[in-house]
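Here chain A shows up in two complexes: once beside chain B, once beside chain C.
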Partner chain A sequence: MIAFKLAYKNLLGAGLRTWLNVSVLSLAFVLIIFYNAMIDGWNRQGRNDTQNWEIAQGQYWHPEYDKYDVYTINDAHQALINPIQKHVDAGRMVPELLQQASIYPQGRMQSIILRGIPSEQSVLKLPTHLLKSDSEELIALIGKRMAKASKLKLNDTVLLRWRDKNGTFDAAEMRIGGIFNCDVAEIDNGQIYISYALMQNMMGLSNEATLLVDKLGMGEQFSDWDFKSPSFLLKELDELINSERISGMVMQLILLLIALLAIFDTQILAIFRRKKEIGTYIALGLTRQQVVRVFTIEGGMHSVLAALLGAVYGIPLFMWIDSVGINFGSADMGITIAERVYPYYSLQLVLITIVVVVVSSTIVSFIPARKIARMKPTDALKGKM
Partner chain B sequence: MDNAIIQLNGLTKRFPVGSGYFTALSDIDLSFSKGEFAGLVGPSGSGKTTLLNIIGSLDVPSVGEATVLNHSIAGLNQKQAANLRNHHIGFIFQTYNLLPVYTVYENVEFALLLQKMSATERRKAVMQALEWVGLTDKEKSRPSMLSGGECQRVAIARSMVKKPEIVLADEPTANLDSKNSHHILQTMQKLNDELGVTFIFSTHDEKVMQYLKRKISLADGRVVADELAILSQ
Partner chain C sequence: MCKRFILIGVLLMAIIAVLKSQTANEIMQKIDDNMSSENRVVESSMTIHGRRNSRTITSVSYTVGTEKSFTEYLSPPREKGTKMLKLEDRLWTYYPANDRIVQISGHMLRQSVMGSDLSYEDMMDDRQLTEVYVAVVESKEEIDGRSIFVLKLTAKVDDAAYHSRKLWVDAEYYLPTKEELYAKSGQLLKRTQLSDFQKVDGRWYPMKMNFKDVLKQGEGTDWEIISIRFNEEIPDYLFSKAALKQ
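The block that comes next holds the complex of A and B.
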């Protein structure tokens, strides 16, 4: 307790030097928390968007289906067995039928994945109600990225060509009935959505599907359907975010090292300049280990003051950013990221950051303070090392 | 001496210098009784400060025995030596060695923080020590706001606050003018008379010598004279 009291007094007594170190360290605190909160915010938004727009609580895949291999798509479809049909009818599952096809916007061929999805589904946020049609008209739904890439606008018509189950080519004019705005690039780039019922007719694949979206994540096992959990389906996003986190850590580490270097420098200087004071402490009855403790706590306390100072300006700043978010623009980066990302500050993040900074600043304070343990009190009193 | 609180027998202190040794103290035999007001006098390099450091358990003898308040200095570990200094020995330095970020009150209180004493008891002891040296009105001042004489009086209060048996004063007047020197020496003399604290000075200041009741002359690390003084004050 005495060591804390002495360290606190000495630290505040050092005036401007202390506050310079504390300011730099508090900046490190705030930036580390902010950066990680942004990554966590992106992660949460990305996961939520992916679940809301694409995977819900999991998917059942045809055993042949591999979303990274387009050559698997043509044969990856099978009939819905009875128990599955019941879930579909009850709105707990959404079947999707996928096939390769081509469109010809402005006379140029473009390969796409044609996705048949029930227009009445409400599990995914896709505005599939726009696919409903009273006539024979073929209505398509596309994302903003697809619209941009193919230069298609709302109500434009475009020629669609596909092959049915027998390999026979067929083609029809298709009208763009809706363009949705979604942050999940994967369900947008190169994808065209049409009515599930219509697509079954076009392909001659009555009551068949490539995958099933699971609303509730029951994880029920069905023969010939492989359940893919959200953690499996979000693995790519997790890996992307982790790689971003790691590259961000390099910058955070550099920032933290600069702050720690300032503390280390102050400690070295303090031990060099305050030898008489060290000698006096020993003469007054402190052991050398106690003096080492005082100096170590003094250095470590920089981080405690930095946390407090960081809280003074960081909390209002964080609250403001939390309310307005950070605009990443509408540029398509091909990854799942919202136009406006809202940071997510967790208690865990704040506590881990505090522990990391306090422990590292205590360690860098201890390293030079160890010299005191080897110091002769008589030399210290004379101001000699 | 039977009632000796400090006993030095055949004490020698050597410091390594290059490949050899420098002998700072050689074969010292001395003893000090409770309540003495003694001075180690001699020129620079005669071994005065080294002897004070050994008595104060800040250093250990190379040869011989130093016993302070029945503790063999060479046999003390760091913690025991620190405990001896904290409870029984007060130090006064030539350059005052006050802690600059603390107030006068906190500087004096410092020694008591290491002892298990309540805040009320500490306050009472600190104010009493400041009263001894006439600085009760300066308790909130920092050392940088005080004169040299006042700083040394704070140092005296700091050394006396724990009511030690021994106070070791290393050239306490070296940085003071004549008036302040007499002032602090009279203060220490008064504390010696009233509280029976043993004071041992190292000095070559004639003003200090006027106050000493016992004068031990050192030259080249040896005791060349040990005499009771005839006080002029």
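The block that comes next holds the complex of A and C.
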């Protein structure tokens, strides 16, 4: 306990030098927590959005379907077997039929993926109710990125050209019945949604689907349908976020090293300038190890003060950012990221950061303090090394 | 008595329709006779009209029937040495810049060839008209002083790329001067203008064509035959992937 008291008094006695070190270290504290909270926030929002808008609790794929290989799309469709049809009728599964097609906005040809989806579905957040039509009119739903790329606005008409199951060209005017705003780029870029029933007629593929979106994620097995779990479907997002986390760690490490270097430097200077003090401690009966402990705690306490200082300005700052979020603008980066990301501060994140900073600052404080163990008390009292 | 006249009238109309239909099919057969051959070697230039400028690509093609075709691009320097091999419904392209053979399949077959109004699929669809369509003569017209049959072709097979076509056929040469390709819905998709008919090896052949994807802006793609030879001896090794790299 005496070591803590001494360390505390010495730290406060050092005045500006201590507060400079503590300020730099507190900045490292706040930035590490903030950066990781932003990554966690992005991760949570990205996963939630992908599940709400695209995959729900998993998908069943036609064995030949591979969403990363467009060449597989045309032949990847099959009839819905009875058990699946029951799930579809009960609203537990949403069938989607995918085919390639072309649109001609402003006289330009643009290749797209045409997705037939039931207008009455409620598993995904897609506003498919907008696809309902009492007439023969072909109504389409597109995302904001697709609308921007093809310069299409609500109620615009555009010519759609496709090939039916036999390869015969067909074409029809299509009206943009809705433009949705979604953070999942994958379901937006180059995708056009139309009514599932209408698409089956257009393609001549009666009661067939390319994939099934599962609401419950029970992982029930069906022959000729491959279940893909959310962890499989979110793998790409996870990998992207992990790579961002790693690249962020490099910056955090540099910042932390700068702060630790300041502590290390302070410790070396303190031991050099406070030799008589060290000798006095030993003369008063403290063992060398106890003196080392005093100096180590003194250095380590920088991090405790830094945590307190960081909390003083960090907590209000974090609360404010949490309420307004960070605006990433409408720039389309082709990845799943919300326009406004809200950081997610978990207790685990704060505790891990505190432990890392306290332990690392204690270690860098201990390294120079080891020299004390080799000092002769008489030399130390005279101010010699 | 009246019933008998009606019956004879109906029979006569049916016979006329059959005769007319036969005539249309005969016209179509004559077009096939002119346009199709056992094999041919064609040197041609393709001019692609862009928004700002046009570019011309010359090539030589060796074709056997409707199944095998080998094309080598001769100019401009950027395209020189690019080769394409078609065997039945498969297509490979060789790019000399990276010394690679790429199979064109699925979605890529719908892309345009070198930015033209022709897709790879259009180039590959070489079946004779009589194999795919039934025809009726819609009318006979006088256009620019020439006698022209207007034929409406409707697909008789399920896998025709275009459900219907409309042909304006020169009554003397039995070659279409204009062709329109329609989707199942009746939407016009492509238009081809054919001209400069010349007699080559006892058949009439169009030496100039303009292909236009009517859904796209632009002036389309001009295709001009520099030389054409029918029933030439074409070595078999040309229709192999090994020949692409030679």
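Just so we're on the same page, the second predicted complex is superposed on the first by the 385 of 385 C-alpha atoms of A that agree within 3 Å, B and C clash if a C-alpha of one lies under 4 Å from a C-alpha of the other, contacts with A are read in each partner's own complex, and residues count from 1 in each chain.
Please note the rule applied: contacts are C-beta pairs under 8 Å (C-beta built on N, C-alpha and C of every residue); 3 or more make two chains touch, one makes a residue touch a chain.
As the structure is a computational prediction, the values presented were derived from the model and not from experiment.
Peer 1: Just from the overlay, do chain B and chain C fit on chain A, or is there a clash?
Peer 2: fit
Peer 1: A:Ser223 contacts which: chain B (first), chain C (second), both, neither?
Peer 2: neither
Peer 1: Figure out whether A:Ser247 sits in contact with chain B (first) or chain C (second), or with both, or with neither.
Peer 2: It touches nothing on chain B or chain C.
Peer 1: Between chain B (first) and chain C (second), which does A:Asn82 come into contact with in this model arrangement: first, second, both, or neither?
Peer 2: A:Asn82: touches no partner chain.
Peer 1: Looking at A:Gln348 after the superposition, I want to know if it touches chain B, chain C, both of them or none. Which is it: first, second, both, neither?
Peer 2: Touch partners of A:Gln348: none, neither chain B nor chain C.
Peer 1: In the superposed arrangement, does A:Ala14 touch chain B (first), chain C (second), both or neither?
Peer 2: first
Peer 1: Output check: A:Leu286 vs chain B and chain C. Expected answer is one of first, second, both, neither. What do you get?
Peer 2: Touch status of A:Leu286: first partner only.
Peer 1: Per the contact definition in the header, classify A:Tyr71: touching chain B only (first), chain C only (second), both, or neither.
Peer 2: second
Peer 1: Using the superposed model, give me the angle at chain A's CA centre between the CA centres of chain B and chain C, as a multiple of 10 °.
Peer 2: Between the chain B and chain C centres, as viewed from chain A, the angle is 150 degrees.
Peer 1: So, A:Ser135: does it touch chain B (first), chain C (second), both, or neither?
Peer 2: A:Ser135 contacts neither chain B nor chain C.
Peer 1: Return first, second, both or neither, reflecting whether A:Ala171 touches chain B, chain C, both chains, or no partner chain.
Peer 2: Touch status of A:Ala171: second partner only.
Peer 1: In the superposition on the shared chain, how near does any CA atom of chain B get to one of chain C? Answer in angstrom.
Peer 2: 74
Peer 1: Identify the overlap between the chain B-contacting and the chain C-contacting residues of chain A.
Peer 2: none
Peer 1: Mind pulling up the chain C residues that touch chain A in the complex?
Peer 2: Where chain C meets chain A, its residues are 105-108, 110-112, 155, 158-163, 181, 183-185, 187, 189, 213, 215-218.
Peer 1: Which residues of chain A touch chain C once you look at their complex with the stated criterion?
Peer 2: Residue list for chain A touching chain C: 70-71, 73-74, 100, 102, 104, 106-109, 111, 159, 161, 163-164, 166-172.
Peer 1: Spell out the part of chain B that touches chain A in their complex, as residue ranges.
Peer 2: Per the stated touch rule, the residues are 50, 53, 56, 58-59, 78-79, 82-83, 85-87, 91, 93, 95, 97, 99-102, 106, 110-111, 113-114, 158.
Peer 1: Can you list the chain A residues touching chain B in their complex?
Peer 2: Spelled out, the residues of chain A in touch with chain B are 2, 5-6, 9-10, 12-14, 276-277, 279-280, 282-290, 376-378, 381.
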